[in-house]
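For reference, chains read A, B and C in written order, and residue numbers begin at 1 within each chain.
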Amino acid sequence: MTSPPAPIPAAPIPVGLGLVLHQRMAELYPICRSITGDGVRQTLQLIGREIPLDLKSVQSGTEAFDWTINDEWNVTDAYIATPDGRRLIDFQAHNLHLVSYSTPVRARMTLDELRPHLHTLPDHPDWIPYRTTYYARTWGFCLTHAQLEALGPGPFDVVIDTTIRPGELSYGELVIPGDSPDEVIVSAHVCHPSLANDNLSGIVVATELAKSLLALDRRRYTYRFLFAPGTIGSIVWLSQNPDVWPRIRHGLVLTGLGGGGRLVYKQTRHGSRLIDRIAGHLVGRREGEIRAYSPYGYDERQFNSVGFDLPVGRLSRTPHGEYPEYHTSADNLDFVTAEELTESYATVWQIIQVLERDQRYRNLSPYGEPQLGKRGLYPKTGGQAASDAVMAMLWTLAYSDGEHSTLDIAEISGLDFAAIDEAAGKLAEAQLLDPV
Amino acid sequence: MTSPPAPIPAAPIPVGLGLVLHQRMAELYPICRSITGDGVRQTLQLIGREIPLDLKSVQSGTEAFDWTINDEWNVTDAYIATPDGRRLIDFQAHNLHLVSYSTPVRARMTLDELRPHLHTLPDHPDWIPYRTTYYARTWGFCLTHAQLEALGPGPFDVVIDTTIRPGELSYGELVIPGDSPDEVIVSAHVCHPSLANDNLSGIVVATELAKSLLALDRRRYTYRFLFAPGTIGSIVWLSQNPDVWPRIRHGLVLTGLGGGGRLVYKQTRHGSRLIDRIAGHLVGRREGEIRAYSPYGYDERQFNSVGFDLPVGRLSRTPHGEYPEYHTSADNLDFVTAEELTESYATVWQIIQVLERDQRYRNLSPYGEPQLGKRGLYPKTGGQAASDAVMAMLWTLAYSDGEHSTLDIAEISGLDFAAIDEAAGKLAEAQLLDPV
Amino acid sequence: MTSPPAPIPAAPIPVGLGLVLHQRMAELYPICRSITGDGVRQTLQLIGREIPLDLKSVQSGTEAFDWTINDEWNVTDAYIATPDGRRLIDFQAHNLHLVSYSTPVRARMTLDELRPHLHTLPDHPDWIPYRTTYYARTWGFCLTHAQLEALGPGPFDVVIDTTIRPGELSYGELVIPGDSPDEVIVSAHVCHPSLANDNLSGIVVATELAKSLLALDRRRYTYRFLFAPGTIGSIVWLSQNPDVWPRIRHGLVLTGLGGGGRLVYKQTRHGSRLIDRIAGHLVGRREGEIRAYSPYGYDERQFNSVGFDLPVGRLSRTPHGEYPEYHTSADNLDFVTAEELTESYATVWQIIQVLERDQRYRNLSPYGEPQLGKRGLYPKTGGQAASDAVMAMLWTLAYSDGEHSTLDIAEISGLDFAAIDEAAGKLAEAQLLDPV
């Protein structure tokens, strides 16, 4: 830790926050996002209404380590229609209908000709899949299997009115200064189109977290929020900010924070960083799951890659690929509830609280147990069991040897960090503890 | 380890020991003990009939770290009576009736006036609770809930004939010298009134242990026994003996050694001291339970406090607060059996045996397995399974590399320490092992 | 590791290998082996038809550490017959009938006189036990309990036509050179008479392994095969080859590789050597069992003894003493199947593959994930789950930090070593990895 505990409030979660977050998701939902294009910029502008986001852009063609920024993709329209103009599959109806980065097409085709370009989910005949072709210049439509079966032999008018041209990759960044230049990075990807859990949920939780941190008088750490397209976005940011790498002490990727299922924390590549211990403690106490690092997932794989080796974990609920709605039209606004968003946000906020307040103390009355009774911290009548508050004080005194932090003591004692933190506060006030 | 294994006998537990210990408890049971006063001195005198205990006393008002020794408390009489002199609640009948350290009272009171001073256990209407008010100057009576319900509206004559005056805190100490100045401290508290398991059981087991150690020709370690009032007694002893602190290499608090339930060993604060390994091995093999340190309990919390950091564990059966009879009149002489006392004592004695005999050896025939057959240590006809005695020798040879002690080998092999110790003896006799 | 991965083929197990191995066992089965004698030499000659084995011999009476080589034992004939010459128990019918190292006898005896020299298995009345008397000069017969019960009161002509005379202890050795002088020792005992699982199975698997290694163009390690009588054989070899000890980096004792039951790997004395990790990984993935070292068993106990401390593990199926057929006539050619031999051999071969190919690499594109797509290593359409081959590449890139080897990565990822090894090969070819 790098400075004294910050005066972060214990329970800053406003009533009705989940509904507010869900409402923000609803605003963002219709926008057609991809790794580049107007949709990303529009999304960043909406986030910018909540927090003072810096909008950054990098020219396509720019190299970033092993990658090159793609040309920018934008869509005007796309559909499959009958020759008489009746739209059967229509991008205007649902932006998942168009494979992301599809090249322009204007053709009349039979079903046989069109079929190799159509993607469906036979097991979920009413859902539209989500597909991309970022780096292979081709095109396609995603549709429900029911739509496919109703198509008939054709011919069809196939129109894709898109552009893939030199342009920009856009992302948003916000740095909230703290007492220390050491940074906590919080990242959410902004490249998915009309998909609610993956990842509007991450965007709105990250936005709200930034808002709450901005509202604090001070912060122990400097916080950096990154709203960028997945993979290429974090790689570009990393390539442009080598000076920041060594300052990143902790990090979280936020994604898939609704959609049912318990909380899942994915550890950093080492599995033993402070963020792993903090999230492990808190997610474990919520009966969530702790998973070891794996190299598949979201932007944590870039931050954790061998060259950067940054301690960035990931918080989700049921992760990508483990729920059927993943990357389909069924990941919609109904799929993510206000309750889930609230619990996810509360967990993220608790993680921040431990980051801000974890502290080693030295017991100032280390020879035997101090007499708590004469300080009004112990019940007057003896012979009965100790209260939770007394136990938290006894644990804190017993392990405040200058080596164990309040997080350590919470882990050893099996008590909540908040209980130990509160006990430490009372003991410090009674001159029994001193911060190290 | 600090000297060669001592010639401690393998099974010194006399037949009928449990009954003898129970009889000693019966003598001690009626005495009204508290953290000071005549009852403590009377108790120490009875212990002194078995072992040559030094009786120590320290003036009240003396400071001991964060504590100050209380004035001495003594009771002449205490009762609640009808106006015509019939005693309804009588300290003479059971010393738990009076809250320990009650101030003097002589008053006529209605039940309404008296009620705030009465303690009962509604869930166990025939048991008297045990309550103390060491550091808050007030008074009270403990009674069965049935007695409370039969009291009627009063008025009552309430008499407490006690004194709280400058005096002494008393404790008993016995040092049994060994080959090494390194010490093993064994501590039992002597401040509880008519409560059998907590802690007459600890007192009689500790006393018997001292007696058995005194009967040995030599001892590897110096043993120090402490019979002192809980909390303040050990704090006072520690405050007066700073020179002894660094010599304490191992320690045990003995308490609650009957009362049903399996053996429970509570580890030192570090959980990794030799006493933890020894007690863990032995209690584990008796299907007892090993618990991590916690800062609530008995005098182990003083010894283990940050400033002393002494490796003192605790042996109990079902610990304080986990059985309903705890701190009530139901913790009486029927609650603790001779069988339980015998097993508890046997376990303590085994712990001492390992402390005294744990030894590293060096295999003197380390290149391949020595030919045990030519030394008469191996069966003549081959092709059959090895006996337990042969296996103990093979384990001992295999790990006697100068690094592993007999305790290590017992743990690795899953065999009893006694079996490895015996095998090591045979192998040393056959010139195959040498103590390191 | 000591040199680059060797070009060892991934799946060299020829169809029908199990049957071939079983056939070789059938040839070896009838021979009467002991720790010395013609049977051992005959066995080594048969092994020598498959691989260029060096036959070594050491004079009886030679000292080897704590042991002295026994006089050589040979059998011409042995039987218990009726006075009219009808053989009731006949060494010619089954060599287990004679206790190994029985002294010569020619006597007429009643059953009462003979009885102390007879060994049976009452619980398995149709099986002949296997017994030895290597170091006590006596004699005996092993017979089925049914035979014993049919013997009648006698008298019997008891004839044992054996010699115990100065001679030789024989063993076979084969060194297959590798790029490095560091050695892998593979040992199988050759002292058991007509017992199939213990240990003809080990002999034929070890022989086949040597054959396969000889067929390779190069090997990372030098391999040393030892076919020697149990205990005394390995002790003699060790005593005569002190210069080789420090070169032994890994080792395996092969025994009991059929006979049902799952694979069992017994760890080295330390439990943490590379051979332990390799065998643990591979045997674990076959749902085999990993056992900690114990000082009872086969020649691993000599290699692991304190003075040598060599990292030699043992591969078996259900180990000695844990199946009823162990050391009886029921451990015959029917007891070991071609399927079991094949799986055992495949496991041994996999262990060798990891020894030969385990390799640390450095990720040459460590800043973020390299763009696999532009190298044809990633699927073109995004949005779907990663394939196993892609996952193996991602794991390999994520942990190829110069510290983790392919075995480490297999363990961390939970994937087969072979999959990681293959991924590493593809990535190295694509210039994304470099061996460290």
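Everything that follows uses one rule, which is that a residue touches a chain if its C-beta (ideal position, glycine included) is under 8 Å from a C-beta of that chain, and two chains touch if they have at least 3 such contacts.
All of these numbers come straight from a predicted model, not from anything done at the bench.
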*Just send me the rotation angle from a CA overlay of subunit A on subunit B, rounded to the nearest 5 degrees.*
120
*For copies subunit B and subunit C, work out whether under half or over half of the interface numbers are shared, and give different or same accordingly.*
different
_Centre-of-Cα separation between subunit C and subunit B, whole angstrom_ = 54
_Contacts with 2+ other chains: residues of subunit A_ = none
*Hey, which residues of subunit A end up touching subunit B in the complex?*
363, 365-371, 373-374, 380-386, 391, 394-395, 397-401, 412-413
*Within the complex, which stretch of subunit C touches subunit B?*
64-67, 99-100, 119, 129-136, 138, 140, 231, 234-235, 238-239, 269, 292-296, 301-302, 304-309, 321, 327
